[in-house]
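Shared between the two complexes below is chain A, which has chain B as its partner in the first and chain C in the second.
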Partner chain A sequence: MTMCRGSCQGAGRPDMTPVYPTAGSYPDFARLVNRDTAQVDRRVFSDEAVYQAELRQIFARAWLFLAHESQIPGPGDFIRTSMGEDDVIIVRQRDGSVKALLNSCPHRGNRVCMVDAGSKARGFICNYHGWSFGLDGGLRGTDGKVYEKDESFEKAQIGLTPVAQVASYKGLIFGTFDPEAPSLEEFLGDFTFYLDIMLDNEEGGTEFVGGAIRSEIDCNWKFPAENFVGDILHAFWTHQSGAQAILGGGVDLGKRYDELAFQASVYGHGIETNLDKVGNTRTLGYPELVDYVFDLSERARARLGEVRARAIGAVSSATVFPNMSFLPGQNTFRVWHPRGPGKIELVSWTIVNRNAPERIKDLYRKGVMMTFSPGGVFEMDDGENWEYSTRVNQGFVTRQQPLHYALGLGSEDLERNLPGIVHKGSLNDANQRLFYTRWAEFMEHDNWADLQNGATAAPARTRAAAE
Partner chain B sequence: MIELCNSTDVVEGEILRRDVDGLPAVALTRHEGQIFVFPDTCPHAEESLSEGWVEDGRVVCGVHFAEFELGSGEVHNRPAGCPNLTFFTCEDRDGKVFARLKEEA
Partner chain C sequence: MTDILDISRPFTAYDRPADAETERAVTRFLNAEARTLDREAYQEWLDHFVDEDIHYWMPDMETRNRSDARGPYRHGDSAYFDDTLSELKVRVARFVEPSAWADNPATRHLHLISNIEVYETGDPSLLAVCSAFTNVRNRNETDQDVIHGRREDVLRRHGDDFRLARRRILIVQNVLLSKNLNTFL
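After this line comes the complex of A and B, so read on.
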């Protein structure tokens, strides 16, 4: 496309239809994950070209968490967030549906919405030349003195670029920039079975309480994502002192660890859990919350079955590929937004059952702040490790050395009737291997048929049997 | 005065636009039974007020959200430099709306 010179006589109107990126294929990057040797090349944490490929292959295609329905209950309620490095506005429409819009003016690209969140917005006005957009993103007007007199100007096809698809799963709103992406439910696959431990353990579902906490950590986004996907191992060392301060003892995976603990993975999403009922909840330091979760777990048995009822408050953690994580029972919920290969913006919230008593909600809010906020006991423990892992991996010689992801090779559990790829024991690198396998699938494949039918796809076990 | 439309065309809470020969377009609305006539052109940046809406007794411009009190035209939520809106004198005569759109003798 070339711009005409001078008067543009005869030039057509500019085509302002949204442009959605297309994927490519990066087999060299895919090979940075070696499944045969259970090794990950350190360049995945620091290489700028790899990072740019991640933005294209992963963040421009995968379904990404945008908001909880409870954050934008009414028409015109909105929040601002990111999809990868792209700034987006999530806004409730007058008909109750939700739209996600690129937060960049189609005129000169200025950021349109400056605030983090708001309610009952009438629309969004760009601060540069005053172009005004409706809740649906359509251009509503500009400056009539100028544009209405320009015969060639046609505002009907101009607007904020809509995120290609938006959908919800039990209160969580996701979006993807890929018009070709399969449905959200297909993307999550059987992992919804495990999401329901947190999202659907009681009538009424969940909500976010309090605001968001934002912080920056100088680490690659995959370190926290892989940590939550399946690394309980670090808790014994990293969180030992914090656990002793709050629990009066070390991290405890329960007496029936060998029999009960497992990891499950579907399309790179993963959960590790010990089914010890209240281990995560105990780390908040409020006995009242522990009682609440014991009771909740009892009541949830009919709804979720024995296994998932025991998981509601257990020592456990989960990640939805690529960058949304949460701790069941502990109730921190977070997104690790990439900001270059060596930095993330962490946004975290507290998630509670909508029907929980107010006092319980408040205890959760306080407990999460004391443990998983920038000044929280456990978050500080983690952040330092991820920063040093990221920084040191950049050394020229250092980054040529292999990394070890081999704990629990051969521990796949083919007997247990649970959805996903299941491994015995939570002290295992299995989910992390599958997280990076999924990462490699995204690097390798330019189409969803291959993406949804590779090594990370769950075997066809029936959910009914699990429940 | 110039005849604009049937008074039944002016519906409570809605804004109706009328083109008038030789003059800028006008807008009409009805609030608590009473009819109001005003320029369709927003005094801020000349966008069309009939594409806005009426809320709490004010005309809201849909572009930069200037709000004008029905009747007095006083501006609220004012974009920089936006003057008040001037309403036209109007009458409902036997089911027809008439308004004085320019200084007449």
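After this line comes the complex of A and C, so read on.
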């Protein structure tokens, strides 16, 4: 497209078709993760060029968590969120479907939605020149109809750029900017087996408690994501003070650790769990919730089977690649939005079963606040660790030193009849290695055929277990 | 429960300023409380400044359109604190653990309290107190977190002194520009 040079002939009308970026290939960055030696090069946490590649290769392609269905129950209900650093509006349509739209006016680029959320909107109007858009993102009109009076103005093809694909899995709405991305269920793969521990442990599914807690941490987004994907180890040291305050003792992985505890990973998504039934729930500090989860676990056996029923409230944590995490039993649910290589915005919610008694929902809200919010006795001590793990890499020599991810080498469990790549024991770096392997796959591959058939795919023998 | 003790109802109709002597006494109480928190003397804070029936609430502040009936905050939704005494005690129990790493080495705290207004209420034992604050935390070499906000307190007369019965904390930040909240406001 060229601008006119003073003798406009009307030949260069703007083509306002949405632009979806294509992926590239960054083999040099992929090699920063060394699977053979179980090491990660610190430049993945500090390098601006790596970060820009992440926005292109990962955040512009992967399915990203957008909203819970319960946050936008009716037509015109909307929330604003991020996909990578892209600002997006998630809005319920009149026909009940959900659209996700880039929050940027196609005229001069200003945001058209300035608020966190709202209900029963009829559309979005840009504050700059009054361009107004319908719930579907289509341009409805401009202030004073000045543009409309111009014959060459093609209103019908102008709108807020839609996120290329939007889909839900059991209440969670995801989107991807990649029209070529496989379906959400293919992207999640057999990890849905583990998501159901939280999302489908009883009839009626889940909902979010209202509002959200937002905070900034000066860390690389991958430190919290890897922490939730499979680092229960840190709980003993980092969270000694919180455990002491609430439990009067240390973190307890349950009686049959060697037999029960495991990590499972599919496409870099991962869960670590100890199957101790209520270890996570117990840390919320309300005996009533522990009783509730014991009952829930009993009832869920028929629905989920023995392993997953034991995991509902167990000491466990999970991340869906790249940046959505949750804690079963503690019911905190969160997204780590990247804001440059050294900063994140953390948005966290409390997730509860829709059919749980109101009293139980409120105890979860209070329990999450007591543990996993900025003033919570556990989250309190996480931030500084991640900040300094990130910040020290300003040191030129420091960032040449590789990081050690070698706990649990050779611990893969080839016997256990569970979906995904399964490792014995929850005290293991296995899921974190697979998280970074997935990261490297996204850096390396420019196509989904390679992305979905690499080292992080679940072995065929375990897929049957997910059926 | 009288309206004034309902944490979900912001102060609106208090227009009978307390006498100067009461106002001075309340100011002394709030300044002493701030100094106690600056010293991280959290157990002392619970023992000498907080009443048994405390309700300590700090909601998350949403950015909403003016026309939105929900408003920027709502009791029952997400919050930083929504605590009774037993919950405040749990938070204090963590602070005093030697392994509370985010507080070791110690954070340098400053609670600046200003804009103090003291009003009589329908209940002679209760005062409605508004104040504004600047909270500064500095750690290690250059880590600095600043939070500004307002407080709406209900103080209960306690002999010649007072105890905090309600505190509603409304901060000006939507995204908390800090990694944690290792203090009370």
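Note that the second predicted complex is superposed on the first by the 456 of 467 C-alpha atoms of A that agree within 3 Å, B and C clash if a C-alpha of one lies under 4 Å from a C-alpha of the other, contacts with A are read in each partner's own complex, and residues count from 1 in each chain.
Quick note on the criterion: a contact is a pair of C-beta atoms (placed from the backbone, for glycine too) under 8 Å apart; a residue touches a chain by one contact, two chains touch by 3 or more.
Just so it is clear, the structure is predicted and the values come from calculations on it, not from any experiment.
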Which superposed partner A:E186 touches (first chain B, second chain C, both, neither): neither
First, second, both or neither for A:E306, with chain B first and chain C second: neither
Partner chain in contact with A:I125 - chain B first, chain C second, else both or neither: first
Contacts of A:E148 with chain B and chain C, given as first, second, both or neither: first
Touched chain A residues, chain B compared with chain C: C
Touched partner set for A:D116, first chain B, second chain C, both or neither: second
First, second, both or neither for A:R140, with chain B first and chain C second: first
Touched partner set for A:D450, first chain B, second chain C, both or neither: neither
Set of chain A residues, in rising order, touched by both chain B and chain C: none
List of chain A residues in touch with chain B within their complex: 122-123, 125, 130, 132, 134, 140-145, 148
List of chain C residues in touch with chain A within their complex: 58-60, 62-65, 68, 70, 73-74, 76-83, 87, 90-91, 93-94, 97-102, 139, 143, 174-182
Contacting residues of chain A [partner chain C, same complex]: 114-119, 209-219, 237-238, 240-242, 244-246, 285, 345, 349-350, 362, 365-366, 369-370, 373-375, 377, 379-381, 383-385, 387
Chain B to chain A touching residues, read off their complex: 41-42, 45-48, 51, 60, 62-65, 79
